[in-house]
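So that you can tell them apart, the chains are marked A, B, C and D in the order they are listed, and the count of residues begins at 1 in each.
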Amino acid sequence: MSTVIRRGTIVTASDIVRADVLIEDGIVTSIAANLPAAGHDVVDATGCYLFPGGIDPHTHLDMPFGGTVTADDFRTGTIAAAFGGTTTVIDFALHAKGQSLHDAVRIWHGKAEGKAAVDYSFHVMIGDLREDVMREIPDVVEREGVSSFKVFMAYKGTFQVDDETLFRTLRMAADVGALVQVHAENGDVIDVLVREALAKGQIEPRYHALTRPPEAEGEATARAIRLAEIAKAPLYVVHVTCAQAADAISDARKRGLPIYGETCPQYLVCDIGDYDRPGFEGAKYVMSPPLREKWHQDVLWGKLANLELQAFGSDQCSFNFKGQKELGLHNFSLIPNGAPTIEDRMAILYHFGVNEGRIGLNKFVALTSTNVAKLFGLFPRKGTIAVGSDADIVIWDPEVERTITAETHHMNVDYNPFEGMRVKGKPRKVFLRGHLIVDGDSFLGEPGMGSFLRAGRFTPVNL
Amino acid sequence: MSTVIRRGTIVTASDIVRADVLIEDGIVTSIAANLPAAGHDVVDATGCYLFPGGIDPHTHLDMPFGGTVTADDFRTGTIAAAFGGTTTVIDFALHAKGQSLHDAVRIWHGKAEGKAAVDYSFHVMIGDLREDVMREIPDVVEREGVSSFKVFMAYKGTFQVDDETLFRTLRMAADVGALVQVHAENGDVIDVLVREALAKGQIEPRYHALTRPPEAEGEATARAIRLAEIAKAPLYVVHVTCAQAADAISDARKRGLPIYGETCPQYLVCDIGDYDRPGFEGAKYVMSPPLREKWHQDVLWGKLANLELQAFGSDQCSFNFKGQKELGLHNFSLIPNGAPTIEDRMAILYHFGVNEGRIGLNKFVALTSTNVAKLFGLFPRKGTIAVGSDADIVIWDPEVERTITAETHHMNVDYNPFEGMRVKGKPRKVFLRGHLIVDGDSFLGEPGMGSFLRAGRFTPVNL
Amino acid sequence: MSTVIRRGTIVTASDIVRADVLIEDGIVTSIAANLPAAGHDVVDATGCYLFPGGIDPHTHLDMPFGGTVTADDFRTGTIAAAFGGTTTVIDFALHAKGQSLHDAVRIWHGKAEGKAAVDYSFHVMIGDLREDVMREIPDVVEREGVSSFKVFMAYKGTFQVDDETLFRTLRMAADVGALVQVHAENGDVIDVLVREALAKGQIEPRYHALTRPPEAEGEATARAIRLAEIAKAPLYVVHVTCAQAADAISDARKRGLPIYGETCPQYLVCDIGDYDRPGFEGAKYVMSPPLREKWHQDVLWGKLANLELQAFGSDQCSFNFKGQKELGLHNFSLIPNGAPTIEDRMAILYHFGVNEGRIGLNKFVALTSTNVAKLFGLFPRKGTIAVGSDADIVIWDPEVERTITAETHHMNVDYNPFEGMRVKGKPRKVFLRGHLIVDGDSFLGEPGMGSFLRAGRFTPVNL
Amino acid sequence: MSTVIRRGTIVTASDIVRADVLIEDGIVTSIAANLPAAGHDVVDATGCYLFPGGIDPHTHLDMPFGGTVTADDFRTGTIAAAFGGTTTVIDFALHAKGQSLHDAVRIWHGKAEGKAAVDYSFHVMIGDLREDVMREIPDVVEREGVSSFKVFMAYKGTFQVDDETLFRTLRMAADVGALVQVHAENGDVIDVLVREALAKGQIEPRYHALTRPPEAEGEATARAIRLAEIAKAPLYVVHVTCAQAADAISDARKRGLPIYGETCPQYLVCDIGDYDRPGFEGAKYVMSPPLREKWHQDVLWGKLANLELQAFGSDQCSFNFKGQKELGLHNFSLIPNGAPTIEDRMAILYHFGVNEGRIGLNKFVALTSTNVAKLFGLFPRKGTIAVGSDADIVIWDPEVERTITAETHHMNVDYNPFEGMRVKGKPRKVFLRGHLIVDGDSFLGEPGMGSFLRAGRFTPVNL
């Protein structure tokens, strides 16, 4: 099987190239000015960009949470991802109390195998950092091909770890070439504020935001950075939402430290005002950290423009408004946290970023794909369009306009947080390892065709 | 004429690719897993990296200075550049009092034509920012293909401009898509300190450094940034040497401003102690800004590692120790400023950066070539190895060790500031638009084969 | 002549003391729990604070400006000052082109003598920093008793000095124990913006603010600080209006540098919106630097609360709305700069600061009197209520409310920028060296009774 | 009983006054130019300063620690304090597991009563922040007269509290007018580092410093500040030792937050090199946080000069070298933490600060007495020389030189960390509430004459 994509404009994190691409056996084998069509399937990409397939560094598929489970599993979630131009997801394997890390990875393989329609890799979200779990880490990196470990500085009483655990994880990670990710909010502070709010009868969704102030995110981010500095370890901060946190990352980078930050589409185009939507609609936006005051959006855009934040994830974590979000109808703290964003991640960044002149095409690719691949050990197999790399290619039509809506999206959930937004720029075709899996509005792939990707070790110098 | 380079490892600012490269008519036309040799010259690059030809954003060739002229002209300077792996230089056309900008460009064309052995472009170093000169700028961008303009905040009484001029230049530049460069030192302060030192009989080279404190560089950098902020203009700070200045740039980038900084090899591996070399040897290191205390080197490396500084220039400005540097034997302020660095720029960054684990290969390419091409309107013709780009390619042998010495260097000057340093990594072959111009220790090109490159306009979003 | 003030509460920069005060021959000679009344005039201060007479570090009385002269001279200005609780003013002696510093001081003595109703001292506002003028400085400090020198970084073409002059003045000042004051705005930038605005027909008062952005103040402040740092000199920044400038001062103090800042009442309670008052009313608020967006007020209050700003001046510079401000009716740049603030300086700080809980009584005294005396060489004769100090005492009734209005104020000018503001707290009686000069609404002093105060030298350690 | 002190120079936090002082019934009743001697004891203070009696905000007397107890109790400790010019100590009442706060206060009263030779007040050092303990706080403030509460961010497993506890304490304190003090080091990080060091056989005193890096202090300081910011509470950081922590405080003050910092004499004149003293001598300097690299000293002096740090405590916590410090002969972590510094606190600050030109006399008084009184609710009874205040007065002879040595000091401990330092400036006489308790080298007071001082509530505006 071989395919030639002709007359498109290839965009990588550094280049913009008018050239044809030859795909053989799922691999890009040639990029050339004019490739002969003979003997190959021929795809015309005139007027389109060729982006490396998006890599979403932050998804939660088929994840249990507070007595329910996310609305999207690996099947629906990855199909939606594919429609949005994402051909790899890095999902968080949840490590529960009492489990070994290997258990967690094994369980997550069970969720993904036979279902995933795009390639996937795992972070482990450490839920119980016992001594024996700590000692498993080198083996997980070596044998499981999982080299990133998320720890929580929030969710007191469940996932939250203390600083000793975070610090020891950082040192262990530095030793074995793994990258620690932190959910950086001060869970202790939040816990107090939430209890107080509820005690005062403040039960509506808006109190979710008011009990998780940006200072609590800034504090935790700065703390994690200091701990990484002492541990001589790199650090990746997931879902940065506010000036306080993003500035802490910039301050660290100014000092030459290997600290990285990710933000997500919802923090760029939604804001704290969304919690005040009529009725219980605000619950659709309940996620952690919460949406912030609007001025933070400008700060985040400036950080993306200067690559002071390096990665762009969805934090996909979908719950239906009906039946799931409603669990918190009388208590915001019971609203399942998260939103369905996997499908529109790239469109949001493209439209509000590239189209509106805030970031360029190379940065769009760096943020949505290349940097993610480098940070999480998938590069150069993934994250670029280059000879020898997997032929994960999005033919992106920059002229197509559409309105985002739950009525047409492919996620298995009853609302879309970007409902009604008009965006320009949409995948025309999406290839996964040379297979055409999305063609316009048709899904041509199939559940189970996604492969697990072993992640390589991380060293800052390679980023 | 066509050439295939086989079995090398292509490095771009984002990718590292094992592939063959086909060059036709001076252009890269194909990058592929296996290219047939038939009908082409074949070059084997086994064990080597293929870097895009270096672009030196900061050279002073054939430049008059204080009654003398630089030791290297476009012939010797560009041949030396080629030996070091640099295939494009952006030289500063000196705009003298009374001249128009067009005059300056014309004169510089005269110096380069028929002599340059690599391609070249020009910045204009504005020496006399009269009202009519300001009005020339749009035309220079449009017709001359020069879109970067350097103004001096130092050299009082000669090049130094006042803030009005700097500010107006920034606004003009923002309007027409040009990029302002600043030599950022507070010339007023320096002028006072120099006069005082001389009055006290402090005439030795070390007083060059002591009369140009890093705070004076930090001040001017911060000032230029604020002016750019008010003018809503991008800004490029040349030869950043110290924490004070580099931190000011980081602070601006943290706020999302399009501010860029360049550093140079001498600031990474030489330091203020070099001024105390026996006899008059310190004069070899007299340049502006001066070398700093050693701890600044670590700061600069950290900035390069995080791309808080984006470009790497030589600030090549060579004067012979005998006869030229000696003009200041009894007065450090008469020592011609500058050093011969064009040839070893890439070797220094490669050895002390890549080999010693401070930066990775992609950053090496970004700093020495890609970012420079993007900042100065030469991309994508220059700055990358990609289909459609000029076949400026360095086959870099990472295993060859050598000792830097004036005895073997190709610059037309009697000393080398890096004398005696042992470095590993050296160009095996250098191609300029497909022509093999350097082959080991032989120069196969010829003066005059370098072409002038028209620079495109600058917009921050493209970087 | 002797007076006992009984049953008041004495407030100094550090203490709050219930005690009686004995004044003999204009000097405080005893502070005691119970002083016998016999043989003394007795004043009852029950329910009142005794503040040291205010010292206004920043007034412009009888000052020519742009073809006109300030509405208040030393007679009316100091009487108004006295009504507000201020018993010493430090006026800026204007040093004009061609004059010696001694000339300036002599002329200013001529303006003050026989007119001043409160004590006074001078800063010299250097207008022409020629070589011979620079050399006069030590003598002016020694013989004239003037030890503070203001230089302008704005007002291009008239007062503005270049960095060389500022730097040399800082060094000279450091040598002789003088304190340099800067008006910190980047005059070059402002000059360009003003000309552009006028060229576009933007002539209304609001363009005064828009052509003097806070970044231009932040820049100049940071620059002056860096120059002082290199010069190893202290520095006093007059009329700080914005976060950008005040933060630069905090950054310097964080590093242990002897940098001081002053703000003024108008920047705490007026804002950029005042320029949009109907008709030409905005002209009343035309001063330099201009009023800022409202959020800067909170920043300034926080700085005062933490003594990150150390002094509080009026920047009194009054021009009548009719006939004077109107000079700029068709061109904001011709509006005489300044406002009448000498009378209400203390009331504004007291009401909005002390009454509204932003600062305490000790800080009120430090800002309005003690720190000023220490900074400008008048301490301990002035600036405190202590044995041996001049009996400049304000009996302040914290319970009296009044509305500020030009109808009742004592300044010789036809408007008040604080018109209509309701404030609580007012001098009941004011003593100057033991003389009761204000008693309620009656002025009992007389023009000419104010004495010139020789300023001592400044050393940071004494502050 | 009445006393007149004649011809001294009274120094307060703001004033320097040549005057006589009358003391009646232990209170200052008059400060006057010339007080009649008749009927009073007369003390001549010619050539001397009169300082308000020092207030040491940070002592640990009779405190159990790691199986031993401090060498000085309230008798020996307060007599030594008096010899050094300190007339009030604020000791930390240790609240042990299972106790109520009232228990802790009661036990501490038991230790102090009948023994203390100077006045005293208490902080409570909370050891077990149970729910019921939290609820005790208002009552402790109201009824016990204790309004400052120290919590530990270090000493994992014993005193260390989690962030929830710190945060809730801050909020409670803000509500009731109390001030929270933090020992700011990240105990989790330290715990890991200590265990690792010991596991590697690194048992010498120097590892005490190496396992408690300044970044761990900077982190905890910044965290406590953020928590205070969210809680809208003031915060006092005890024993600040390094740039990282002091800068965090400055950053907070720059933003107008009510954050305060204390440093101690040992951090100004001792450094990390002291741990390398021969034999086990380094153990004398084992305290937490540890001594730092020498460059931090300059940073701290700059902060004191600008009152970016506001208080100066001893952190007196004495253990004999023989028998006590030796407990850690084979394991640095078993060395009792602390040093004997109560006696020389003021002399060190005076000599190295005032005599060496780093701070002025007013700041000396502010740091050693006035600010402490204001921060901890003892003002104006204590902390100043003013009518109505307690006659706690030190007659300080600035000309007396002495060498600090354990041979002559009055602390009950066998070494002095400042051994051999030569200092100029010493109390000639010390009065406690009008009683002469120290006269040259004689102690004239007696154990038990010290009174407990109820602390008032804290509001930032009063500082």
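Please note the rule applied: a residue touches a chain if its C-beta (ideal position, glycine included) is under 8 Å from a C-beta of that chain, and two chains touch if they have at least 3 such contacts.
Keep in mind it's a predicted model, so treat the numbers as computed, not measured.
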Gap in Å, rounded to a whole number, between the CA centres of chain C and chain B: 51
Chain A-chain C separation of Cα centroids, rounded to whole Å: 56
Centre distance in Å when chain C and chain D are each reduced to the mean of their C-alpha atoms: 38
Chain C residues counted as touching two or more neighbouring chains: none
Pairwise touch network: line, ring, star, complete, or other: ring
Pairs of chains found to touch, sorted by chain label: A-B, A-D, B-C, C-D
Chain B partner contacts - residues on chain A that touch it in the complex: 12-19, 22, 27, 29-34, 247, 250-251, 253-258, 298-299, 301-303, 305-308, 357-360, 362, 366, 370, 380, 384, 386-389, 460-463
Contact footprint of chain A on chain D as seen in their complex: 156, 162-164, 166-168, 171, 186, 188-189, 191-192, 213, 215-216, 218-219, 222-223, 226-227, 229-230
